[in-house]
């Protein structure tokens, strides 16, 4: 058979290694079933794969190239809308496979609730797990319209598992009064920006860390393609710096959530997410 | 207090009567939690209320006026995404209230699954209920990715309750082979258009009838604002004629589903849905 | 000076003759100041000039070419929003110039109210003027929120000047009950389509006729780019046939109104309007 | 009657108090009839009410909650396009009602000209009125295409009433040479940003102040949803700080103008305007 | 390795057989380098693969299923913009591979010029080749701005190779006068619709036929997502019937061109193209 | 002939002088034929002319007015897609005409490759030419998919002509590793921002300088309307400052490239480009 007639394998740019040889696995969790306002994050991972061919594999920030590291793109999970518990279970099971093979995972959401599935898997292996949480929203409600599992409760559910002083929140600028009070009492919460991040990095030096990035931590000027854009956020440059700092820790799991491509005609939100993912992969990969 | 400083009551145009005096109640069921492809029907009822002020209360088709009939707009149900069973239960309960007051309801979806809640309520009161089903899709799967409750299974779930020969489908032009086979065996199914509709109208003359309109029965040329547009559909004029025919039956419940405003910038899909709703109300109201 | 460095004259395709030698003058009246719902028709004439370069000068319908007839493009009037009377006066004055030079004018709206300015000019010269009115809306209100001059009253204002039996309406499918009653009494009104058009053509054989085309007579499937799309309209082919018939009359003025480019991303509404204008020019030009 | 079957009252989030008990009244002035370029601000107040349900009632900036203050949402004025003077008169009359009841008003435009109606009402009660004017455009033309009443002349018309040294302009980065010269001579004008704002706040300490916010003072990066986006503006954070400072003055009237929802698909401009309105209400409300 | 961690092969729905076992090969030619107006057809084949998961593999028109036939999806050619000749050469070479393996190819454009590459390959093997050409535009210019290779000249270039009476054009409603004259003399041309198609089918009974479908033959109401929408086209149902007729001939090559996804926000043009491709594959496959 | 009936000359605002009297000539090069990802820059110059009427002729930054300087708008070149070499030749020839008349040219792209045509013309007259290059992308590939002429190779082609140490790059944040290495060796390259720009200005004091502005140097927050938006760019204010500094040099040619209007619904990218062009013209014009 002719070379040109190969199967049309579809991966994020530069992430075309085989599973067994890879140290990092990326995959999509295209679920937005509890999104209460504008849905669309289900399309994020597919959009990112397509859009990734508009960026380069090389980072002038890190002077490294995706072609030189080992990343496997596991494609997207097939998740059923309408049954939230099952979806989280499937995310958890899939993440466990990767974790149990000693690989690092980077999950592309989907809405922020998908984090809960991945955190459960990471926690099993790393009982001392800490979560660094970048977000515009506190996500600390105990329930949302009586539901326990929701994009608006996801960090509260994580707290249920981890307990006090193990979640570190940055950039938060929206939530109910009760959420801020709760986080002030039980977690480390920094409103609006990355103040206090240097100290957090120091404190978490020897701990296994899960980094959860809700992209709406970014100002909507930088990142309009999300369901609940919240003015007054951090810039891409600030986020990138914080991510580079975080990558120096003992990172055991990462997610990037809440890109909603349909609400950004220009494609630039998707493009930004691709660039951020490239930088994360290059920064976290073993030299 | 000044007259101009009244509360900002927000209804579908001309549907501003009080509940007690009304013979018809319209309400929204803004849920699209099982939508497997492009979501957005959750915004339909709110968009229709706003857009309705671009049409008139008078119908030149029927020479009747909304101002002369009695319709109450009950607003939108507050439905929680992520818990499908509870959503259906809330729809069922709300519909029962209206039915038990001897009023006719017209529900604005939302995805097509909301029909199942309303049908349950109608069936309780009308054990002989028949369903006339306008749609591009058969919606006759037994499950969708193992889930029993889905926009793709809604008519199968209705069949579970009603049994053979009580569902009459028109316009169907998409589905799995198994769905067409099932409907051929258990229901009356007419592919592509309204052939056979005259006979159905005749046969159902003395029966209580629920009319479920999935607006994607329309050709996407007429109605682009829906999540899974399917080429080859019926025209607005054909749909309007069929609806006028159906309104001559003993109609006990109606729904209009699957308008997804975000996918039609021009607003014309929403406008068409408003016009259709006006004609339905005028045609079904007692003289 | 080099040939390439000519001034950048901007006309509708093929309408590049000098004023003095032309028999037809087209111009834009970019005004939508009384539009009560979605504005944007102010951009129609400029959009049509740009878009016109995507069509050909040749018509396969008529086997004629714009390059072979004499049309001058007079550009757009500079109209001030906020002072409706003055705007109409400026349209009237400009149209009079063309009429007094014995040329035929084709005005590109703008909202439908601009017709009233042009009709006044035409009536001065042709006291027996008749109006053929293609529209989805009756435009026969006596006032709109107390205002006498509005897109919703324009044909009523024309009736004020012309009186009974001189306005012929086709395609009308929206309006208040009173408007339909008024038109039934004072004008010839045909609801929904072109029924009766052949007879109208016959009756108007020897009269001076103004043709006013509100493009929303078209079904929104064919023409989504308008502020108040109204389902159930005529097709482009039906409109084109009617226009060709009308062009056989003694046409003394024409307008094309209510294209609103911002509400049609695909550009096809603008493109259709360009094609219609080309066919009108070719059909009305002297052989 | 069942609780669920209440009328569908539609207010800005958290602004659901009765008129009589409220200290603040918000209302919409959906008029853009003199807008000379891209219209659409007529849709701002309705869009803000809908979009407001995507933000919280609680402000982490001020640690206050809309549920704890008394705001009545008076809905939208019904304004007729095409008669500018009448529109301004209606705005003036309505504002006077609120002012005469000793309540503070916050008007949501609409184009910037609506300010002139509200300023007239405020001036009647507060003859010493000062205006703080945030804008990208000077709005100081004496006329626009001969018209005295226009979005481009609104501050000049206010100056006609107030005279020298009572208008304080910030952020201005667009206008004709004559406008800048006029403002330099008669008003306090600060180009591009908020330099000098601290001094202004000091100087106006004991005066009744009207704050007029043309949202296009914001950089289009932060706020694309406006008709004439002007690069080089202030950031949301800068605007928010300035607004918080201003709220310490004796504020007697406020407006927020020039949001044009149709030109921002992502909804983030509307969301920003909602957030700004929430912060204004919380900052200005009596403790 | 776990089953879930397979490579993410990306094909058109149901077209997942291996090359060697397949009788039909589909592939994309994502080139729009000579498009003179709105570009974007380069995104068609990728968009169709994604969108195809919103349709079913089963056709209720033909009662057949893609899962039961053998189609290989060869992915997209990597084509360089800026060098038209090389692009056509690469298309030709790739098509030859398929043809020489005795398989039928279905090429997804791209602009219409890509047809010329595929026709050259087909002609080599089938010297008696005929072309059935569905289009709104004649594409019969001898050159476009002096260039011989252009979307506007593609059928003229085919005529250069095939000569008289071997190209059969349907639906043509745009072109220069010279193009219509040329086609009237040298080809079979039918303006506007499919009149005469039955006879063509009869005449071509024993000949090898290449079917080239420029999707803009469709009315823009049915298919807005194309670069030069031309009002007055055929309906989807008419096109589908004609395609079914054509599939009864000795078809040796097929292309589907000029879908431009960026100009249709609703996705329905892409969805229609997917459905058409499914029907073509099912109709042309050996029983 | 009446004054109102002049020809509809279409220029950038305020650039309405005659060629002979002008010291600056602006013209459009609407070509995007080698654009490998999202095309659309071909529409930039026409969009800018239309949009320019939303800005003023007066600059509050420079206190100067376009009405007081002499600029001729030469319209757009008619460029044929599909033949890249010919396009560059036509740009070169046209630019030479202007240069040979001793006038300064400002070319509006189109994609960045158009720069190569203009640089060739400038180099003929100014053998010591230097290029200041503002861009997000290095554009230093030796070829792109084997093609020598591409938007991705344009600065490499310029280097072929100019040699070492004559190209000065700022803002670069994307490219292949090899491009950065090449530029580090042969050019002055500054990554991400304008660091080092002051020194460059000093060093180029007595040299003839061509300024090439790829607008995607701007952060996508400020400038979403471009084909390959790259997060992490400079702000409009930073760009404007740098441009003002550059205008103090001996500028002999300028281009502004890569605005792609279709990808920015709000029009603000086009508006920013207009404002930038106004400031460039005012800053570079002789006092």
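In order of appearance the chains are A, B, C, D, E and F, and numbering begins at 1 in each one.
Keep in mind that, in the parts below, contacts are C-beta pairs under 8 Å (C-beta built on N, C-alpha and C of every residue); 3 or more make two chains touch, one makes a residue touch a chain.
Just so you know, these numbers come straight off a predicted model, no measurement behind them.
Number of steps on the shortest path from chain C to chain F, with steps defined by chain touch: 1. Greatest Cα centroid separation from chain E: this falls to D.
Chain B and chain F have CA centres that are 55 Å apart.
Rounded to whole angstrom units, the spacing between the C-alpha centres of chain B and chain C is 38.
Contacts with at least two other chains are made by residues 38, 219, 221, 265 of chain F.
Taken as a contact graph, the chains fit none of the simple arrangements: neither line, ring, star nor complete graph. Chain pairs that touch one another: A-B, A-D, A-E, A-F, B-C, B-D, B-E, C-D, C-E, C-F, D-F, E-F. Within the complex formed with chain A, the chain B residues making contact are 32-36, 38-40, 42, 78, 80-84, 86, 144-147, 149-150, 262. Listed in rising order, the residues of chain D touching chain A in the complex are 53-58, 60-61, 63, 65, 219, 221-222, 236-237, 240, 265-268, 271-272, 275-276. Contact residues of chain C toward chain F in the complex are 1-2, 4-11, 19-20, 25, 46, 49-50, 72-77, 94, 97. Those residues of chain C that touch chain B in the complex are listed here as 37-38, 172-177, 180, 191-192, 219-221, 224-225, 228-232, 263-265.
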